[in-house]
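By letter and in written order, the chains are A, B and C; residue numbering begins at 1 in each of them.
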Amino acid sequence: MVAISDTGPRRDRRQTARAAHFWLLILLALSMVASLAIGASGVSLWAVLGKLATAQPLDLAEHVVLFDIRLPRLLTGIVVGAALAVSGALMQGLFRNPLADPGIVGVSAGAGLGAVVAIVLGPVLPIAVLGAALLPLAAFIGAWASMLILYRVATRAGRTSVATMLLAGIALAALAGAASGLLVYHADDDQLRDLTFWQLGSLTGASWAKMAIAGPVILGALLIALTLGRGLNGLALGEAAAHHIGIPVQRTKTTAILCVAAATGAAVAISGGIGFIGIVVPHLLRLATGPDHRMLLLNSALLGASLLLLADVISRVVIAPAELPIGIVTAVLGAPVFIWILLRQRGVVDL
Amino acid sequence: MNLSARNITVSLGRKTVLHDVDIDVRAGQVSAIVGPNGSGKTTLLRAICGDVAHEGQVLLNGRDVGTLKPWELAAMRAVLPQASTLAFPFQVIEIVRLGLQSSSEAESDEIAHAALSRVGLGGYGYRFYQELSGGEQQRAQLARALCQVWHPVSGGQPRWLLLDEPVSSLDIAHQLQVMEIVRDFAAAGGGVLAVMHDLNLTARFADALILVKSGRILSQGALSHVLTDENLSHAYGYQLRANQPPRDGGWFLLPQTI
Amino acid sequence: MLTRRTFGLAVTTACLAPALGRAAPSRVLSIGGAVTETVYALGEGHRLVARDTTSTFPAEANDLPDVGYARALAPEGVLSVNPELILAEEGAGPAETIDILRAAAIPFVIAPDGYTGAGVAEKIRVVGDALGVPDRAEALAATVTEDIAAAQALAPETGRKRVLFVLSTQGGRILASGTDTAADGMIALAGGTNAITGFTGYKQLSDEAVAAAAPDVILMMDRGGDHGAPDEVLLRMPAILPTPAARDGAVIRMNGLYLLGFGPRTGQAVRDLNAALYQQT
C-alpha cells in the first residue's frame, strides 16, 4: 500500500528529515525527564538531583525508586521502543510493504511460544534453576529460532525469497500458536494470568540485570541497522534494480533479518508483547519526512523510544498505584491515530 | 573496450532459454538486441546484468562481472528494467538520486536535476513517483540510470547503459527523445546495449544489431549485415523486406507479403 | 503441595526476622483476598494502607488504594503507598518486583496456601505473627479449625454427593475443576466428592465427560455475567441435561471469595456448603 496525500510536500524532504533528527532528540530528552520525574511514589527527581548536587546522602526509598526502578525502566523503555520501531521500519523496507512488522515473520509467535514454555513448563523442568531469567531467555530463543528457521526455509542457493519467508512465516506462526495452545491447555489458572499479562507487555520488570544482557544486544543490532538505509532504499525499487545500483542485496537482506531477530527478540523478551510501535512510528515518519531509510531508521529509533517512554508514564500513573500493561496503552493510543491517518489520506493506491 | 559474453546458457526450470550464446558489443555505439517475442532477448540482457543464473562468462571492459562487487559493477554500468514497481511514496528526485553513487551532495543534486531535465521531466522533481504516468515513470527511471553513469567515459574506460525496451510505454515524441539521449551517450564514448521491440526505431538509431531467435544468435554485427530480408524473415517467420528510402538515407522497414 | 508449603514457610521465616525486630508495623499492604480478610478478622484492618485487586472483603477493603493484580505488581506502585510490611498470598510477584522491594528493605511475608483446615490455620498464624498479634491469631486459627471440623462432621459417612464445580460456561463450554484446586478442597471439606478427578486445575470438559461424571450437584460461583447463567439455561445445556443434577435441579451458587478464599470465613463457608448439599433434598 502506498498512500499519497494531495497535500504532500513539494520540496526537498531531506532538510525536513534532518530537522526531525533534532526535534525528535528534544522529544526524547523531554520523555526521559518525564519518565524519571513522574511515578506513583512521591519521590521527586528534582529533590534527588538537589541532594546529589550538594553531596547529601539519599534516603533508601529515593535511592531505590530512582536507581532501581525508574532508571532501568527508562533505559529499558528507550531500547525497547527503539528496537520495535526500527525493526518495524526494517521489515517494511525488506518486505516493501508498510504493513509489515516483526510479527509477520513469526518473531512474535516464536517469542510467545518461548514465553508459554517458560511459564507453563518452567516449574517442572530442570531449567527452573535459571529462575527469573528463564522467561526472557526462552522468549528470546523462541524469537531467534523462528526467524532463523524461516530464513533457512526461504533461502535457496544463496538467495532469500521474502515472499516465501512471508508465507512460511504464516505457517510457522500457526504451528507455534498450536504448540502454545497445547501448553495453554495444560496451564493452571495462575499461569494463564501470567501469560495474559506477558502478552499485554510491560516495562514493570525492568532491571539492571536484564538491561545488562538485552541492552547491548539491542544497541548492537540498532547500530548495524542504521547502516542499511541505502540498501533498503534500493530494495524499494525491487531486488534486481537494487543490485543494478550497487546494493549488495543478499547481504542487506541477511543483515536486516538478523538485526530484526536480535532487536525484537531481546525487546520482546524483556517487555513482553507491545504492539503498534513498530507500525505506527515508521508510518508517521514516512508521512512527515518521506520514505528515505537513511533518515527514517534513526528517526524511528528516536520517536519509538520517546513514544514508548510516554506510554509507560501513562501506564504507571493512570490507575496508580496499580499499573496498566503498556501494550494496552500503545494499542489504545496507537490504533485510533493509525485509523485517523488512513482516513485523512485521500488516495490509497497500490496495496 | 568491449562488452562481451561467452557461452551464455540460461535454463529456467527444465527449459533452456539461451543456448551457448556469444556476443560482442563495442562502446561508442548503440547496439540493439532484437528478435521475436520469446526469443530470449530480455533473458540475454538479464544474464549480462547478472539478474539470472547462467553458465558462461560476461566480460565488461575486460573484467569478469561475476567477480565484481555490486558497487564496482554499479560504477561501470547502469540498467533500466522494462517495468519497475516502487514500494513507498518516494518523490521523483529521490528516485533519481538512488542512482547516484558516491559524490558530494551539491554535485549529486546538480547531476540528479540535470538528468531529470535531460529526460524532459525538469519540473517534476518534487512530485510523487506514483503520481506520474507510466511513460513519465519510465523516463524517471531512465534519469536514475543516467545519473549512475553520468559521465559516459570514466578513467579512460567507457561506462555502459543496459536498457530493456526503453521506449515500450512512450509516445512517439518521447521515443525519439529517449533514443536521442541514448545515441548521445554512445557518441560521447559510452556503451549502449538495448533490447528493442520496434524494428523501425532500432534501424534508425542502432549502429549494431544482435538478432536472436529461439535462444540462439541468428546474426550479429553492423546494421547492414544483420538487417537482411533473409535474416528477418527467418527470425520472425514472416516475409519481411528491409528497405532504405533514398530521401534521408535512414533505414525503414515494413512488413509485407510478397 | 508439600514442596510449595515448605517454600512458603522458608521465605516466611527469612522475612519475618526484620519485621519482628522492630515495633509492630503500622502501614501494611495486603496482597490476596484471604490474607486481607484475615487481617480484618484479626482486628487489624486499621493498619492496612492498600490492597490488591482480589481483596474485596470486607466491604471497607474496597476503600483502600488498589495496587493491581497480585501476580503483576509494579514496584513503584507498591512503594508509593509507603508500606512498612507487605503480607502476600503465595504466588505474588513478579520476582523482579519482589527483588526491588527487598532492596528497599520492606519486609515481605508470604502466607502459604493450603486447601485444608490446617492450611487455613497456618495462613492465619503467619499473618498474625507478621502483624505482631500471635495470640489473637492462635485463637482465630483455633476457632476456624473447630468450625471446619464441626462442619466436616456434618457430612454423612456414606452416600456422599458427587459435586461438579463449574468455573464458567462461557460460550456453552464447561470449564470445571479437577483436583488440587480450592474448589476441590472445599468439596472435600463439605463432605462431597469431586465428580472430576481425571486432571488437576481447571479445564474445559467435553459434553460427554460431564455426562459421564454424573454429578448430583453443580456448584458455581455467584457472580454476574455468563458465570451466572440462569439455572434453567444451565440445566438445559446438552452436557448437563443427562446428569442427576439436572434431574433434581440441584445448583448451588456461592460467593467466589467466600467459597474459595480459604480464609477466616472458610469454616462458615464449609457449613453453608454442607447444608446446601445435604439439607435441600
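Here, a contact is a pair of C-beta atoms (placed from the backbone, for glycine too) under 8 Å apart; a residue touches a chain by one contact, two chains touch by 3 or more.
Keep in mind that what you see is a predicted model, and the values were worked out from it rather than measured.
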Worksheet, complete the sentence: Top of the farthest list for chain C, CA-centroid basis, is B
Discussion item. Which chain is most central here if centres come from C-alpha coordinates alone?
Written reply: A
Practice prompt. Compute the distance, rounded to whole Å, between the mean C-alpha positions of chain B and chain C.
Written response: 79
Response to the item:
Distance in whole angstrom between the CA centres of chain A and chain B is 44
Fill in: Chain centre separation in whole Å, for chain C relative to chain A (CA means)
39
Worksheet item: Residues of chain C touching chain A in their complex?
Response: 50, 53, 65-69, 71-82, 91, 94-97, 99-100, 103-105, 200-204
Fill in: Sites on chain B touched by chain A in the complex
46, 49-51, 53, 69-75, 78-79, 81, 84-91, 93-95, 98-99, 101, 126-128, 130-131, 144, 148
Worksheet item: chain B touches which residues of chain A in the complex?
Response: 2-4, 8-13, 93, 96-98, 157, 233-238, 240-241, 243-249, 286, 290-292, 349-350
Practice prompt. State the interface residues of chain A toward chain C in the complex, per the touch definition above.
Written response: 39-42, 60-61, 64-65, 68-70, 131-132, 185, 187-190, 193-194, 197, 202, 204-207, 210, 316, 319-323, 325
